[in-house]
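Starting off with a structure, shown below.
Letters A, B, C and D mark the chains in the order given here, with residues in each chain numbered from 1 onward.
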Amino acid sequence: MSIPRPAELADFPVIITLPVQWGDQDAFGHVNNVVYFRWYESARIAYFEQSGIAALLEQQQLGPILARIACDYHRQLNFPDTIEVGSRVTRVGSKSMTIEHAIYSQAQQAIVAKSDSVVVIFHYGDNVSHAVPQDVRAQLERFEKKSL
Amino acid sequence: MSIPRPAELADFPVIITLPVQWGDQDAFGHVNNVVYFRWYESARIAYFEQSGIAALLEQQQLGPILARIACDYHRQLNFPDTIEVGSRVTRVGSKSMTIEHAIYSQAQQAIVAKSDSVVVIFHYGDNVSHAVPQDVRAQLERFEKKSL
Amino acid sequence: MSIPRPAELADFPVIITLPVQWGDQDAFGHVNNVVYFRWYESARIAYFEQSGIAALLEQQQLGPILARIACDYHRQLNFPDTIEVGSRVTRVGSKSMTIEHAIYSQAQQAIVAKSDSVVVIFHYGDNVSHAVPQDVRAQLERFEKKSL
Amino acid sequence: MSIPRPAELADFPVIITLPVQWGDQDAFGHVNNVVYFRWYESARIAYFEQSGIAALLEQQQLGPILARIACDYHRQLNFPDTIEVGSRVTRVGSKSMTIEHAIYSQAQQAIVAKSDSVVVIFHYGDNVSHAVPQDVRAQLERFEKKSL
């Protein structure tokens, strides 16, 4: 079965689909602001898996650490709904990369929130940040189909 | 009983103290990145209460809506620990205000994360954003002891 | 598209499907025990909607209140996985009903946890518990295809 | 500083104090039913630490696994409030123990919920359940001041 991706997420190579749960609502009757960050986390991990860089990093005893994340709330989300969270890498620095997300509401047929975040590459053996390996950078450019 | 405030939070007029719970940890054994946003929410609400602006807004059928929030993670947090979350308003715009937070770890005796956020004033009757009322602005300046 | 239901959930008239999220794991690297209760809540609400009793109750200013819930953990759950949560009503008392759930792991192809719970019917206007209305009882028996 | 324990928790040798956070509320404006289980988890871990059995178990490569937990909700909890969660062991079986909790609301000055749970002793090296060691049983009886 092939579900058509929303056009609003066309520029995001990785998209995950998640249900809004009743308990995601807070006392205002909307999805609570904190829940979005759980979804971004799930989206980020899906990106690392599907892009192939999780495996590349692991071989080199490296892993991603979230250094910063922001969310812009454009519309309130309600229960019930199903959301699609897009992920893309927009920049690769010397030791970090920028990941962007957008959340699309199937009920509202619109983007309801966006996020940008910075993930630092970390060497677990040496316990320090580490340069983005060349093969990771190359893989990201292949996956994103552009120079980063 | 008067607990001394950490010097690192001296510029934050509102500070709440929260325990790190075991379940705040994720599979990496550190406090999960999402948990910080629950704490920021609690700190934000404490600020609105203690500054007196929650009451001022409510009288005018106004309320705050979170438009954007970001977190910078400086250090990993571990269980067990007790954290103190400071809040301050650093800017009041025409329809919004900027709130900053810092999280201090008692175990590490250091700031472990910082946040900046934008809260928009919203009229619940009219369902639209609304100018920051003059009395709210004045109260914030009194509370922060500076021009905003 | 028709996904075959697992045989283990054949006796549950309502089944919801949910992804295990990375952040559902705790410091032991398994899905945390608390997360199951969020899933049971989602399953319970789906049951009330799909059985038609949410609408019947609402017409009479009645609603369900969770009085008790228990979970038996049979197997540890890991990320990634997709779970299916079945719900059924097994007893209707004078003012309450018993709801049972089972969680099926697609990865393990087995039931990983079970729950029983008691939901009390509550009159929101009068703020007291209330007899299960006859039409709700009849609807539940039709939906469950048995005498309750 | 010595805070007097509520008389309602006199029979619980371990008590933890936790704030109700705004975000603990759900769309009904009460503390969500799932949140109680996070608190029980924190209380359970405090019990294992303070009773000294966490250390005893760890020396023998053993650890506790939650096999079952139930919660009875007696009263709704509101924000703001501070709760105290008591923990006690009421039975030690051959391979498991029963732990009970009660949650006391400082605002309501009453018990708002109770829990009973079964924790199984597990050998992490052998990956199987394991008899409760004699020194753990003795330590629990000393700590609870009764035969178990």
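As a working rule, a residue touches a chain if its C-beta (ideal position, glycine included) is under 8 Å from a C-beta of that chain, and two chains touch if they have at least 3 such contacts.
The structure presented is a predicted model; accordingly, all values stated were derived computationally and were not measured.
S.K.: Does A-D or C-D have the larger number of C-beta pairs in contact?
M.R.: By the number of C-beta pairs in contact, the winner is C-D.
S.K.: Using C-alpha centres only, name the chain that sits farthest from chain A.
M.R.: So the farthest one, by centre of C-alpha atoms, is D.
S.K.: Taking each chain's centre as the mean position of its Cα atoms, how many Å separate chain C from chain D?
M.R.: Those two chain centres are 25 Å apart.
S.K.: Report the inter-chain centroid distance for chain A and chain C in whole angstrom, where each centroid is the mean of the CA atoms.
M.R.: 31
S.K.: Compute the distance, rounded to whole Å, between the mean C-alpha positions of chain A and chain D.
M.R.: Comparing mean C-alpha positions, chain D is 36 Å from chain A.
S.K.: Which chain B residues sit where two or more other chains touch them?
M.R.: 22-23, 32, 34, 38, 41
S.K.: Write out the stretch or stretches of chain C touching chain D in their complex.
M.R.: Residues 32-34, 37-38, 41, 65-73.
S.K.: What part of chain D is in contact with chain B in the complex they form?
M.R.: Contacts found on chain D: 1, 16, 18-19, 21-23, 38, 41-42, 45.
S.K.: Under the stated contact criterion, what part of chain A meets chain D in this complex?
M.R.: Counting only chain A, the residues touching chain D are 22-23, 25-27, 29, 32, 34, 79.
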